[in-house]
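Inspection log for the structure reproduced underneath, given as structure tokens.
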Amino acid sequence: EDFKIGLSNGWVGSEWRTQMIEEAEAAAALWKERGVNVEVVAQSANVDVPGQIAHVRNFISQGVNAIIINPNSPTAFDPVFAQAKEAGILVIATDAEVSSPDATYVGIDQKGWAMESAKWLAETLDGKGKVVAINGVAGHPANEMRVAGYREVFGQHDGIEIVNEVNANWDQAQGQQAMQNLLATYPDIDGVWVQDGMAAGAWRSIMDADKAGDIAATGEIRKDFIDIWTENKLNSGASVNPPGVMASALNVAVLMLQGRELKEPATAGQYGNAMYLPIPFISSDNLAEAAASMEGKPGHYSYTSALSIDDAEALFK
Amino acid sequence: MTKLKLSGVSKAYGATMALRHGDLEIEAGEVHVLIGANGSGKSTLCKIVAGSVRPDRGTVLIDDRPVTVSGPRAAKALGIGIFYQELSLAEHRSVAENILMPDLPRKGRLFVNREALAETAGRYIALFAQVAGEDLTADTPVGRLRADQRQLVEIMKALASKAPVLIFDEPTSALDRAQVDRFFEILRGLRNEGRSIVFISHRMDEIFAIGDRVTVIRDGETIGTTTIADTSPAAVIRMMVGEQEGLAVPQDAPPASATGGGTALSVAHLSGQGFSDVSFTVARGEILGLGGLHGQGQSALLRALFGAPPAHSGAVTLAGAALRTENPRSAITSGLAYVSGDRGRDGVITGRPILENVTPVHALRNRLMLASPGRLAAGALPALKALNTKFAGLSHPISSLSGGNQQKIVIARWLIDRPDVLLLDDPTKGIDLSAKADLFALIRKLAEDGLAIILYSSEDAELLNNADRILVFNGGSVRRELAGAERTRYNLYHAAYEAA
Amino acid sequence: MSQALSFLRNPLVVALALIVALLVLGNALSPGFASGQQILRLLIVAALLGIVAAGQNLVILGGREGIDLSVGGVVSLSAIVAGNAMNGLDAGIPAAILACVATGAFFGLLNGLGVTLLRIPPLVMTLGMLGVLQGLLVVIRQGVPSGRAAPALSEFVTRPFLLGLPGIIWLWIAIGLLMAFILNRTVLGHRIYAIGSNEHAAFMAGVPVRRMRVLLFVLSGVFSAIAGFCLLGYSGSSFANVGEQYMLASIIAVVLGGTPLSGGKGGYTGTMAGAVLLVILQSILTTINIEESGRQMVFGATLLLLMLFYGRGRGLRA
Amino acid sequence: MTATPSIAREGRGGFGALLDRFPFLPAIVILIVLLVLNGLFEPNSLSFRSLTGLVRTYMALMLLAVAQTYVVYAADIDLSVGAIASLVNVTIIVLMQHLGGGGLSVVAALGVGVLVGLACGLVNGFVVAALRLQAIVATFATSIFFTGLALTILPVAGMPAPTAFWRTYGGSFFGIPFVFYCVAVLAVLLYLLARSRLATQLLAVGDGQQAAFQSGLPVTAIRIGGYALCGVFAALAAFCITGDTASGDPLVGAKMTLFSVAAVVLGGSALSGGFGTVVGSVIAALIIGLINALVFFAGTPSHWQNFVQGLAILAALMVGILVSRRGRA
């Protein structure tokens, strides 16, 4: 069997995305052992939404069998996915959900991801205290889902007060600056809810201000940070969005291309087309374990997990 | 009835009083000449009438009714058309569009009527068809035209305003004689139609050829008005400069022959953009004139000697050694100096202090790295003094000076360190008469000190009065050399017009 | 405006007055904003921006629509180059400095050659270069671990060094003095202004116009590279596009500092004030608790308002 | 006697004259070369379906490039075109949603969208021409403001457009895809605008503001007119974005701004004003699209795609500028 699968990634600003593509390519190679030739073609570049729509159109022109996309927008791909489907192409989105009924989402629940770490923070603070949040890009769908997630959790704890929420555009330096400003303005905060790489920046500011002992803040999953975390015994917790999601999606896609049917159709999520993957969590309890799993990896390597082919097969009839 | 009357108009730019007290009365059906030294406020006065400068004080009356000219559009509505000294053309637009730009013919409310545009503009172009050159057509972008052709287009643009009051602020500075003659013919026609015309020029012969009355303006104040018929050039000049005596009035007598001092620069079979196969030598202490109609290769030759851009072929020898100029910088370090009359383009470093405008060449020739104001000033002041430059302080911006004084600053930059050869490319364009006299006295003195000087001038009198020898250019090459008693206006014209 | 008050037109005075006003406002909105520590932190951020703006300022002063949109790309790239060169070790710092400066100079040189030899408008050349640099960032980071800052560098940027000020602020002050000296007291400075205000006249007076312009772009690249180097110290490790935010911010700092984009006029002292002003403004906006949409609207409107103070062009009617 | 025998001047030979009339010729050549290359690497990319897709994707950039061109005519620049497009995009999406998504509501929303674009253009024109702020920084400031406004209207990307709306944009009538009707309407619009007084006056202002003012042109009004036109075209671009993405996104246009500037230059217009063509800008927008596609079809490894695209666009800009200058000099 021969399948050609297009991978579209619309943002290459982080190592996470690089790892995501690499893991997907590695997963494709593993199919060879099972006598399936999976050729992947990747378009991975910094593009805006129209630019990524162009990615999909390029794949359609090339006649791929399936497209796996980490989309820059939840809704903007409806028309072009409809065109892909017309051309007989399977479309799977990963990492961020899409509204198109012509696509399936395979990945984590971003809102649930935020809720996990928010829960950890709320529990660590014993359900009371002043909290600030440092978010990604305002208006970005993943960001907004995550915001909704932590707001919901903090809302359930009367004692938790969100004193400010700022945007640092998923930029580590901006996260560091934002944290600095926040520490100056609210010297008495107890907790920080911060996402992804910005967490490393925020923690830097917290440690610079000698407040590492007084403040609990969410963390991230790169080895660099895990090391700092271990070394400084930070009071942190991180839910994991593994870069392996695209590899998981690829395994699911190949099985679908083989004509296999899911045991449970993908109907989760707000758009009713999602298949959620489990969300690992790293806290001080299992930090050592996570650190051990990344032994020998470069500093930018993210803690990961993915559905193996067998895991994936188990989901199908 | 007075068509246009200004009284007590004034305008200050910061500390500079551009115009202290301007009075002017223009009748219908006259050509009214406005004359005054550089920086006396002529252009300012005109721009106030045309609405592009806001006066501080004073009244403007049209047909005896007081009016406020709130802008160029208001001026247009009041029946005032103007030729701007610095022109008001759009480079990339066609000649036709430029001529009618103030009021593009319309089709509907929104569209340009192309047919009407071509037709109307064509009529104005036809007025100058004989003298404008074949390449001035309705479709030509103005950017492709020569300086004189642009001035003609600006003239056409002023004419197309059909205004009862027409102001021409130095419209002839780039025109040749035939073009001026044609322009004057048209002006006379307009005067006979009963239009009121203001005419500004620094050329005395033109003023007496076309003017009915003349108003003299000095230091921003109107000195008086007389009828041309009742006055003489000398009398006008006396009014312009006040009580000062002994000013150079153009004389037709050629100057004394040059002192022989050995060859300074020799040029053999030089060809370049705009000129070909030019050969000559200049001796130390000699002023070599370049004559002929303008645009015949004189400026191009001077620029090529200066390396901007270099000549294509031929040889130049400076003091016995072969000279290679790749660009102005290498020319300067070899001892050449070049003064251009186009100070806006080639000279003035706009908005910067006078000091920085005088010293770049000095810094280059002495390979200076540091710019200590004291040391630079010590070099600059004598040169400025030699030219009688009027300025308040070396740290003032050059834009605070009048055009003439700006030009003196630019000239002074070449004289701080004495060059071996001085190239003068119409250096007095737009300079007033007394400044010209100062300048030529200085040039003669420099020659006596052993400089070799090459002078191109668009004014015959200047050449005849100052050059020891004149090469007459035509079509890019030297047609005739006039030396000694041959240097007469007749010979000059004869050679210049020979091939035409 | 009367003569006595004419100093109010001086952009530097305006900027300094606004800085004080903003600090007071910031402190009123969130007490502690104008504390010494916080001001110091703001100055560090301003220094990073100010160093980028030094190069931007030179290119803009040089006229001919001079502008450098590629500064952000150079900042990011040199942060990565520096990180890889030192890789967390103090011993690697000299090599990192060399590598950074060479990187900045190289891309500045390319910009300069494109602008002078090929006569591509600076906006276009540097915009194109920005695209190339952004692509290069992706290429370089592929598989290669992006390095970390050496401890000494981080100390230099964030810890007090002399008189309670971190080294980066001393560096910035030194750059300020150097720029003032170059612009006012050297022939080079005169030449920069000369080509900025009338390129052709400068050419005719023997100024090596083309070489000068190339030099300005090279300097811009070098300043951006220095900023990228310091930014690495500030954030500890390098990551893609750290410099992106500096592109338009550096231009705004220059403009708020009283150097018009038309060139030939202005200077660096104002730009330094402009950088501080911009950083304080952004910082106030982060600390006040409103929706992001509101922050952006306030920021945009405030920038316009600030420009009204001294960024206005001349009227057409004299 | 003729007084000015014009001495040998550089003739404006065939190529120069041709470029004078059609400054976008180099762009057309680049476009054709790119089409051929695309066809070589991926024959399918020249299929009717693929070309339709190309136009659909880059229609918005074409319109933004046109919008930018009109302000560049007058030597101004608008760094807020992308933000205006985003603002209009979210405005019409929210309106269509609120009005129920029927045909009438779509028309009403589009009408309001044009007005919003116009209003943004007028704001830009006001701050740049009337308040005399420097265009680059002032329009950057307004772009931040417009983005804030867009975020207020729709804080999160994702509200869907009525299906009929994007089905129309993506659909075909009488066998011809809808976008080609859009292209035809655009062509007529551009033709009319090229004959308008405003276009000529904008170019005259671009050639020299002072001269235009002294000629009696209402310079401020003309420049505001240019920005207004720009705003309207940015709104039209937003319609296409909305048609192609079927949703609202407060940041959707942000990255297109600099591409619109690049397209203007690539199309043969001078950023210094006074000279240019909108047709060139339209072609250049397609060039940018084709470069992006070619980089992929040529099999560039994914990490190199941005870099090669950047290089190719820089090279195209250089070639375009060099060729048009050689012709015009």
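Letters are used for the chains, namely A, B, C and D, taken in the order the chains are written, and counting of residues starts over at 1 for each.
Simple rule for what comes next: contacts are C-beta pairs under 8 Å (C-beta built on N, C-alpha and C of every residue); 3 or more make two chains touch, one makes a residue touch a chain.
All of these numbers come straight from a predicted model, not from anything done at the bench.
Note on connectivity: the fewest chain-to-chain touch steps from subunit A to subunit B number 2.
Distance between Cα centroids is largest for the pairing of subunit A with B.
When the interfaces C-D and A-C are ranked by C-beta pairs in contact, the top one is C-D.
Computed from the mean C-alpha positions, the centre of subunit C lies at a distance of 30 Å from the centre of subunit D.
Rounded to whole angstrom, the centroid-to-centroid distance between subunit A and subunit D, based on C-alpha atoms, equals 35 Å.
With centres taken as mean Cα positions, subunit D sits 44 Å from subunit B.
Contact of a single residue of subunit C with at least two other chains is seen at positions 134, 138, 142, 292-293, 316-317.
The set of subunit D residues touching two or more other chains comprises 151, 155, 210, 213, 303, 305-306, 309. The residues of subunit B that reach two or more other chains are 52, listed in rising order.
Under the contact rule stated at the top, the pairs of chains that touch are A-C, A-D, B-C, B-D, C-D. Subunit C meets subunit B in the complex at residues 184-191, 193-194, 197-198, 200-208, 264-265, 316-318.
Of all residues in subunit D, those touching subunit A in their complex are 42, 44-45, 47, 49-50, 53-54, 56-58, 60-61, 151, 154-160, 166-167, 169-170, 241, 243-256, 289, 292-293, 296-297, 302-303, 305-306, 309. By the touch rule above, subunit C contacts subunit A in their complex via residues 30, 32-33, 35, 37-38, 41, 45, 134, 138, 141-143, 145-146, 148, 158, 231, 234-237, 239-242, 245, 283, 286-287, 289, 292-293.
In the complex of the two chains, the subunit D residues touching subunit C come out as 79, 127, 131-134, 136-138, 140-152, 155, 209-210, 213, 219-220, 258, 261-262, 265, 271-272, 303-311, 313-314, 317-318, 321-322, 325. Note for the complex: subunit A touches subunit C at residues 12-15, 18, 45-46, 138-139, 163-167, 171-174, 176-178, 180-182, 184-187, 197, 200-201, 204, 208, 224, 298-300.
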